[in-house]
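Once you scroll down, you'll see the structures, which are given as structure tokens.
Shared between the two complexes below is chain A, which pairs with chain B and chain C, respectively.
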Partner chain A sequence: MRRYLARKILVYALTFVAAVSINWLIPRLMPGDPVRTMLSRGSAGDPETMQAMRDYYESVFGLDQPAWQQYINFWTSLFQGDLGISVWLFPQPVTGILLDAVPYTLALLLPAILLSWIAGNRFGAFAARSRWLDNTLLPLGYILTATPYMWLGILLAWGLGVVAGWFPTAGAYGFSSIPGWNWTFAWDLVMHWFLPFASLFLVAFGGWAIGMRNLIIYELEAEYSNYLEALGAPRKLVRRYAFRNAVLPQMTGLAVQLGTIVAGALLTEIVFGYPGLGNLILQALNNRDFFLLQGAFLFIVVGVLIANFVVDVVYVVIDPRTRTQMQGGGA
Partner chain B sequence: MRRVSLDVTDLAVYYRTLRGDVRALDGVSFSLADGEIMGLAGESGSGKSTLAKSLIRMDGRMRRIRGRVELDGTELPVDDQRAMVPFRFHEVSLIPQYAMSALNPTRRIGRMIRELIRSRGIDYTAVHPELLRRLELVGLDAQVLDRFPIELSGGMKQRVVMVLSTLLDPSLLIADEVTSALDVTTQRSVAEALAGFRDRGFITSMIFVTHDLALVHQIADTIMVMYAGRPAEKASSRTVIEAPRHPYTRMLLSSLPEVGVTFSGKRLEGIPGQPPGLLDPPEGCRFRDRCPLAFAKCAEEPPFTEVAPGHWAACWKVEG
Partner chain C sequence: MSDSAIEAKAAQAETGVSGAGGVRWRDTAHFAVRNPKLLIGAGVVLALLATGLVGPLFIDNPPNAYVGPKSAPPGGGYPLGTTSFGQDVWAQFVFGLRATFLVGLVGGGIAAAVGMVVGFTAGYRGGLVDEVLNMITNIVLVLPALVVLIIAAAYLEARGIWLQGCFIGLTSWPWVARAVRAQTLSLATRDFVDLARMSGRRAYKIVFREIAPNMSSYLFMTFILLFGGAILIAAGLDFIGLGPTRGVSLGLMMHSAVSWSALSGGMWWWFVPPGLGITAIVGSLYIMNVGLDEVFNPRLREL
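Up next is the complex of A and B:
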């Protein structure tokens, strides 16, 4: 187990370094110059003042140094928790801006990912081998899973928000609300949270349900299921075993899908004007804010890596076959 | 004459397919005495596996057309999945062809057995000592119960399944090609262990489905040979091997190497031709087209009759 974990951690560490390096590189390869953007905001006319301002900003952001030096500086300050200073919200530190946004994204993502996975698996298992459900609700699952996140978001905002008027369509809380620890504000948060959550939940739900239905049918045909039935085991026991075995590929699927779901959440946030990481990334892009962009991507990379790692470890716990492999020292 | 344990009368089971009914089992009658081990032999498609399945659990495509099955004087509701449940495991049990993969891969063996036993409404603690005793009998210690199936060798899994299937002392055990996936040395020991189960009274009688006549005649009391969905011949193993009457059995035996012979000048003969398709089988004797003895009367279906005491055959030429 220790060797397995050590190897996994090494692989994840390498992935982290590679991802962060690419993350550092990409904004610098993009067209546009953040300093020029800031200078144009300053609206100073004469070239001397411009040059002085340019020198000042470049030294603040460390852009006056050669690229390799910038790269090393980036890593050193990263370990000090310093992600630089935002261009867009100058002179606020990036870390602070991100920490304000991350709770919103997590509040959307975690329930959407976990609930859709659990509910989708349950429902798929339930629908398998029921002709009526197979014929009615599964086509719906196919439509849901084929729907782009933001498109479903727009539909929901239009249908339940604009037409029905049940839910607000933008922001994390109303303009008239005052943030505070009270029920009125909490309720306002929940109402604003619901639609973006629902759009993420529904799309992912359809995919999990379909996957689970197919897997369960396969497992019910498996030889251990046939044997149990020949020995008169009740349907309930056979299905429970089938479910447990069918969940394993779904766990892997979850690990693979995490990245997609996160990307979906970013688009959904933009549709609903939800102040999470997705919105920040959009703003950062519009304002050529390298540092904010880098920071936001860093959070996403770390999040996806942690989630994958958790899935890896859980998988080992629930599937004895991977455990045997580890003892054998194989891959 | 010993008490009759299993009595099958004119059983016909067809497979529903899009192109029509496949008559996999078309009028099979035989009986099994208490303590009898019957080898059920025949080539692929002869209906032997369909017969074995029909006695415990039909799959969704199988339909009983006619016939009845009685076990210890009670009719088995073979085509009623729900009504069959009380008989399964208690009265009729199965060692499947796929014993290697018959155990749930994500449950420890002991826990799986416990859950299965409890789900049948049986007090597990009462069965546990007997389970350990029988595992020991087949050379497994109690530790296997704490293992996952993947941690066991193929032979060990086979023995676990053998013990589990017979744990409730069923009246009839169906061993469906249990030795097909094993190497030759293990085949023999598995077959002998099963005969030992009969001797110890764990099972009353057994149907041993196989295509390996050389193996089955070592442990079986009787052998029934099937051809194209019908029984061709049934007699004591010795008679079937040494003095078969049905032309199909004779040709089948002459296409096998003789036991103990390492070289003989005689070239082994196959049986020319193919068995008939069972989607629309020909009238009369189904072996007619491949039979060297066929004559006009073979256009009528020969009955499966007792041609000598304890010796049944379905052939007009064997009469009397």
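Up next is the complex of A and C:
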């Protein structure tokens, strides 16, 4: 058990190193002068700010130093929590801008991931081996999971927002509301949150439901299911065992799918102008703000790694094999 | 943007060899033509492919040319209306279909190739090679593909569909490598593989002549899933504005529709067709895959 987690942590540590190295390497590998590319579409107009930005970036890139020195400098500033200064919002530090956006992304992602996983599993288990549901709702599940996240978002924003007028379609709260701890503002937040959440939820839900349905069918084919049935165990009991066995691979699937769902959240945020990391990435791209872009990348990778680790720990806890080992004090 | 059907497949792969490698071709064909899921899925995909191949031949102007009235709804000379710049949406759609299929083919193909090479090598060689490849696979698996692609594409001044496909292929292979490795591991200890090894054949020959044919149906289905996944990732990149710098794609159409406020303008004909096209292609591929699974795997057939 400890070996298993140690191995996982090693993989995650190496992934982090790889992500940081990608961040360091890409601007240096690409053709052209990175500083010039960055400033070519910077938002600052007056020459004084321009000069300040140029000086800053040249000192950060330190292109006159040897490559290994640049690489070490990169890591040093990273550990000091310094991800550079934004071009778009010069001279605000990137770390602060990102930290302001993270809560919005998490508010979309966490409920969408958890609820879609739970509901999708329940529903998939329910639909498996029921001819009517299989033939009507299964194709629907496949279509949902094949839908590009942003397109479902666009459709919802158009249908329920623009045409029906039930929900606002942009931002995290209305222009007229004043942020504060009161019910009107909270309601405003919820209304703005609902559509992006719903589109994320629906696409992910389709995937989980199908995955569960397939797994349940495999489990019902297994020897133990046949044996139980032959003993005359009630159908409900057999299915309950099948479900418990199928949840484990779905857990692994959750870890694998995290990156995809996070990407989906970024795209959805862009559709709805929701002020999370996805929107920052769009702004960073439009303003050629590479520090902000790379900072967002690191934030996302770290988030995905943490979430993966949480899934690993939960897996160890719910898998009866490893759980017994833990309780027996072994391994 | 793969889905969890893939996970089910991977999970299935880890429990043993799926499908029936030894089923005769005629048997397979017999069940294939009687499987509605396969027929409907393949039908939709082929119809859209044909539209993408033939449609552009009937369009005289380049897809991004400003040809018609601005913001015209469908009807008249423009079956899908025009954009707010007077571009023909139908023209963009058929050219976009082409781009979508191309990116799926390139991205899916490269991902399948890399995944298979890594999976076969790791599973067959074992030992240190396996450890190292496994580590690399796990690292690439955890990195969120789209975000890596955003970083890489952001620095490129000129981007093309081929390059996009290559990038996508290079980031979306890990789950294939894992599944192929698992199957290879279980096959590599079989008697017929031992026999081939004793006869002194080269390793790559054993892999391609003895091991791969036993999972050919699985590999084919994997490619279909990768194809769909590559299309979805490409659409995401295009939507962010990192699509091909010249030309059209379905994702790029959605990008411009949203950027030029087609939503508040109620110009549904601008953003519904591209998304619908992608959903139809990828959804049909998935449904086709379920059908193929039933054709190849006798246990799943509903008799």
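What we mean here is this: the second predicted complex is superposed on the first by the 275 of 331 C-alpha atoms of A that agree within 3 Å, B and C clash if a C-alpha of one lies under 4 Å from a C-alpha of the other, contacts with A are read in each partner's own complex, and residues count from 1 in each chain.
The rule we apply is simple: a contact is a pair of C-beta atoms (placed from the backbone, for glycine too) under 8 Å apart; a residue touches a chain by one contact, two chains touch by 3 or more.
All figures in this text were calculated on a predicted structure; none of them were measured in a lab.
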Clash or fit (per the criteria above) of chain B with chain C on chain A: fit
Touched partner set for A:14, first chain B, second chain C, both or neither: second
First (chain B), second (chain C), both or neither touched by A:320: first
Partner chain(s) touched by A:154 [first = chain B, second = chain C, both, neither]: second
Chain C versus chain B, contacts on chain A by residue: C
Partner chain(s) touched by A:241 [first = chain B, second = chain C, both, neither]: first
Partner chain in contact with A:230 - chain B first, chain C second, else both or neither: first
Partner chain(s) touched by A:267 [first = chain B, second = chain C, both, neither]: second
Three-chain overlay, closest Cα atoms of chain B and chain C, distance in Å: 6
Interface residues, chain A side, partner chain C - complex: 11-12, 14-15, 18-19, 22-23, 26-27, 30-32, 37, 138-139, 142-143, 145-152, 154-155, 157-158, 161-163, 169, 206-208, 210-211, 214-215, 217-218, 221, 249-250, 252-253, 256-260, 262-264, 266-267, 270-271, 281-282, 285-286, 290, 293-294, 296-297, 300-301, 304-305, 308
Of all residues in chain C, those that touch chain A in their complex: 1-5, 7-8, 11-12, 15, 135, 138-139, 141-148, 150-152, 154-157, 175, 228, 232, 235-236, 239-242, 251, 254, 257-258, 263-264, 266, 268, 271-272, 274-276, 278-279, 281-283, 285-287, 290, 299-300
Touching residues (chain side chain B, partner chain A) in the complex: 56-57, 84-90, 93-94, 96, 98, 101-108, 115-116, 119-120, 148, 150-151, 161, 164-165
For the chain A and chain B complex, residues of the former touching the latter: 222-224, 226-234, 236-237, 241, 244-245, 248, 318-321, 324
